[in-house]
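First subunit A sits with subunit B, and in the next complex the same chain sits with subunit C.
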Partner chain A sequence: MMARILALLAILMAAPAAAQLRVDITTGIEQPMPIAVPVFPTPQNAPTEAGTTAELGQQVAGVIANDLGGTGLFRAVNQNAFPRLTMATVTAPAFEPVRTSGAQALAAGAVTASGGVLTISCYLYDLFSEEQLVRQEFTVTPAGWRRAAHKCADLIYSRLTGESGYFDSRIIYVAESGPATNRVKRLAIMDQDGANHRFLTSGQSMVLMPRFSPVDETVSYLSFAGNRPRQMLYNVATGQQRTIGDFDSMTFAGRFSADGRKLVFSVMRGGNSDIYSYDIATATPTRLTSGNYIDTSPSFSPDGRQIAFESDRGGSQQLYVMNADGSDARRISFGNGTAGSPVWSPRGDLIAFTRMTGPAFRVAVIRPDGSGERLLTDAWQDESPSWAPNGRVILFTRTERSGRAGLRSVDLTGRNDRRIATPMDASDPSWGPLLK
Partner chain B sequence: MMLKAFPVLMLGGALVLAGCASKRDVLPPAATQPAPPPPAPIDRAQTVPPPADVGSRALPGSQAALVEAAGSDTIHFAFDRYDIDTEARSILTRQARWLQDNPGVNAMVEGHADERGTREYNLALGERRANAAKNFLVAQGVATGRLTTVSYGKERPAVEGSNEAAWAQNRRAVTVVVAR
Partner chain C sequence: MTERSALLFATLLHLALFAGLSLELAGRLPKMLNEPDITPVEFVEIADAPTVTEPPKPSMEASPRESERPAPAEPEPEPPAPPAKAEDTAPQDAIVEAPKPPEKPKPKPAPEKPKPQPKLDTGALAALIDKSKPQAPVKPRETSQFAKSIEKAIPKNAQLSAIQAATLEQSIRAQIAPCWNPPLGGEDVAQMTAILRIRLNRDGSIAAPPEFVSQTGANAGNQAYARAFVETAKRAVLRCSPLELPDNLYAFWRQFELNFDPRLMT
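Up next, the complex of A and B:
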């Protein structure tokens, strides 16, 4: 991939342990932290295949401000409220003029082009302690400038929240068009911020529920090609794909294990749906559940030892957790209505799911032992949750009463419920891993 | 202007030719009027022969023929259920008879669900419904090898809408004729 980061030149400089600046993202913040993100200066305005370095300096700052602002944890201060930085002041800024803009932190850097390669530096300053908290440099092809900007934003986010970032990542989802009775559904992929959007399938046959591997560029999805709904494995980098297993009936609802080596999915046979685990390297399926029930939507715990799933074995559709070998299934959801689509957080502490009361769906979280259920959203039909790589933000599908469907994200505190822009209607988002 | 010149005549409904604004143009009383000549024959327009009758009949072995013979290609289900009710039984019984009368075709039974429930659950529920319909057809004597099932879950509603009437129409199994 051309956009791949070529090298990391500098190592993150370890900052003093007791930095004053800290954003606590676990409790839900009242006020976003004001942060200054001035235009990145360039030593010489040079043309590149992605625009001039002066233009890129503006755009890099814009991407960083957008990434940080989109979390709801930060607010980018107006760039006119403080003086521009120069190549000389990027590494030694005057703090007072930036502080008077109301900012508490300063994200800065520079863009340099040399020999067809862009070097983008990234600094973070605490405006109170006047300490440098981040100092890193990224080398990319000019076309890869957005990735360097996302990586810079990830470093800043990580330094200020204590959590790993999630900006240098992609989303795969289902793009929808046409009337509800004859909807065209095709796979599409884009950067986490909506950039670099492209369609992956033509829409000739329906696709549903794409899910990213947590470790690489493999995606599983349900293809209706030839009216034979089958679980597929698809490498979005090489375009190679294959059908999972050799089943003579519908296979669906696939999801990867945290190490990307296994897929859990459902096999429909004779009106019953059972959960299978599939070893991708050896192409070996193992049946985990049985009985005259709909067992589906399996999701591995991050340590691979347990599987959350939904089942109607108790009379209505509810959440269950079982051991990875299929033993010891126990029900964990008991609230009002029914519950489905459980997805285990990459941190292991929570399971996101869809809480349904009649036609109204909301995204909720629950602990794996069934305690602490919390609703995160409140709209007409919110469903199909997917975790950000750091387990702090959830992507989901919102269908309006009008039938329009789109992607949204919400943080774990239920705050910052915001739209993710897509070129057309959208559903079934899956957040890919942080890129390497 | 003419209206202003002859208001009385206009009110009387008499025909006044524009430009002939003299007293002689006032028509005499009807009683003294000689019988009007028969109207001049209108130029006879060319006649168009009526469209030819088109006989229409569903081709043997077509979807339309199945619908004609069985009354419907679609059966409906109760919420979250997949059992075949009395009305569905009679439709499926007629479908089975038609399928046996038309051994040259196969059928794919499509199962569908209403929008309530997750995508995954509804895919399974749709398959249950398709499978229930298929089993009924097989029990009526249709060879199992002629029937396949596919579930579209909640992805292909018959009608749009989030209300009981729409949901009732969307919970269905449709028998689709496919060439053998």
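Up next, the complex of A and C:
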């Protein structure tokens, strides 16, 4: 008896140190995280070909705030709500005055011009732990200041979310103008935020389906120059282009493999369409599907082992996944309506596609095993999905009932559906890789 | 209907488990402590009830052949003619048109510091769960954990009734959850959890920086995400402090652990 009492006493005396109440936090909030992006100071206001360093300091902060805000995950706090930073305080900011603005993080930096180049420094602080989370410097020509700002925004985004960034990237698409009977379609390219827009083709002949290589500045597209459809490879940096393949019949512009070495596309013969992979270096096509079906819109998985495509082999247009050698095709889309234009996420976890139910086209995602289908948009006609390089955002074409078509982006939650401004009607976008 | 029956089965199993544990505790406690109040464990679980709600079943019936869009060849049909703008005459490539700046996000008023809420609306949050995603199997909860920790924590003459215990847990949860902005975009978010140890002063302020205890779901391929995840949890605690908790129960919340698990949000 005495021993038991002693044991009990021992337990009770040891208890306070061992006490461990554990509370599960299973929900949180899904509001954008407030972040302070003050004007980047400059040690000395110097003129550059892109404006003075003081002006650039303001513009760089604007680009970063716009990039981060555009994700729907962050919200830039009004710059008047906290003190301006100086060259001295950029590296050692007072946290309390910024924290009272409601911000949780501080993105800071400075712009310095020297010897014809700009150095843009970039710092990120956690306003609650009061730690510097990351810092980096980018050296660019003055004309390249936007890229440095995007790089800084990518750095901040990836540090705070743990995902890779996507701001320093470009979009290629088909710019459309003129009446339906004589529609002019030109290739156009711009930064992912719509800046630096330019046309790549004159519009004298039609172009369709531009697709960015995931590794470099090569674009594949379908040219109708001379009224003959041909697959082209075009280098955006050098302007060089060449015809690929030598098919006696209609081919549809392919998508690159993740290493940029292969293309997959479909070749139409009669009423039949089959999928081919094409080795760019050796110019060797390999036929992957056969039979009396319309097999089209192929897209490689990021590991190159599988290909998603659409086919009517089951009686209606649906999504299928097969091995990269064409074997073991299995249907993955079911449900109401038909499904087309599958595009494998660069992350590998999802396939984006167009879900067609009656007249409505919507952008949706599905897992490669056919589970977890989700609609991300809900408008009249949304189609032609293309993934951001980090696999979190999808670019697509929205056609209004009026017939006007434009570009939009939506994130995987489906709640951040945004217009991407283009100078004229736009369709068939392809998001390029993160620039180096 | 297999999902429904599986959920039902799981729920029954849980109930059976709780009952068993409660009985066991009820049997033991009087011997260890002369605190007859401390028995019902179920109160803790009440707050988690939405976990068991069944999501609507995604309709995955195979569709028979449809012919609304027969054999689509790839170029999509041209959209109807828009009102044509005749600005498009130059044949050269060098036309540069200033694009409109992308739409700016609408500024929202700065959020006030979240106040402790009497009750967390877990039902509404659960309703946000993606309906078409099959519900991940619900992890078995360590329901006995809380009761055991109370049992151990009780100094000689302290009294913490089960209701007080449940209220304390509820209060902590209701104050931390509105400050937690979990990074839901990560590929591995469904498996990711993090446990932090919290030490508070008597006024509810943080006595020491939140201490990382452990994490699940982290692997060699998602280190950046795992780190960002833990940081959001730490930030939530720092943002929401000081916590407002009953002074007379300070012995029980002077130090505790928070398990951050966004499962209900993904």
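Simple rule for what comes next: the second predicted complex is superposed on the first by the 406 of 436 C-alpha atoms of A that agree within 3 Å, B and C clash if a C-alpha of one lies under 4 Å from a C-alpha of the other, contacts with A are read in each partner's own complex, and residues count from 1 in each chain.
Keep in mind that, in the parts below, a residue touches a chain if its C-beta (ideal position, glycine included) is under 8 Å from a C-beta of that chain, and two chains touch if they have at least 3 such contacts.
As the structure is a computational prediction, the values presented were derived from the model and not from experiment.
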Which superposed partner A:Gly270 touches (first subunit B, second subunit C, both, neither): first
Between subunit B and subunit C, more extensive residue contact with subunit A: C
Partner chain(s) touched by A:Ser114 [first = subunit B, second = subunit C, both, neither]: neither
Touching partner for A:Gln44 - first (subunit B), second (subunit C), both, neither: neither
Subunit B versus subunit C as contact partner of A:Ala81, first or second or both or neither: second
Contacts of A:Ile25 with subunit B and subunit C, given as first, second, both or neither: second
Touched partner set for A:Arg228, first subunit B, second subunit C, both or neither: first
Which of subunit B and subunit C A:Asp411 touches, first, second, both or neither: second
Subunit A positions touched by subunit B in one structure and by subunit C in the second: 179-181, 183, 208-209, 252, 266, 268, 271, 273, 294, 296-297, 312, 317, 338, 340, 356, 358, 381, 383-384, 403
Residue ranges of subunit C in contact with subunit A within the complex: 32, 48, 51, 58-69, 71-76, 78-82, 84-88, 90-105, 107-108, 110-111, 120, 122, 125-126, 128, 130, 132-134, 141-142, 145-146, 149-150, 152-156, 168-169, 172-173, 176-187, 195, 209, 222, 224-229, 231-236, 238-239, 251-253, 255-265
For the subunit A and subunit B complex, residues of the former touching the latter: 179-183, 185, 206, 208-209, 224, 227-229, 250, 252-253, 266, 268, 270-273, 294, 296-297, 310, 312, 317, 338, 340-341, 354, 356, 358-359, 381, 383-384, 401, 403, 428
Contact set on subunit B toward subunit A in their complex: 82, 108, 115-121, 123-125, 127-128, 131-132, 148, 150-152, 155-160, 162
Of subunit A, residues touching subunit C in the complex: 8, 11-12, 15-16, 18-34, 66, 69-70, 72-73, 75, 77-78, 81, 101-102, 104, 126, 128-129, 133, 158-163, 177-181, 183-184, 190, 193-195, 197-204, 208-209, 252, 266, 268, 271, 273, 294, 296-297, 312, 314-317, 334-338, 340, 347, 349, 356, 358, 371-374, 381, 383-384, 391-392, 399, 402-405, 411-413, 418-425
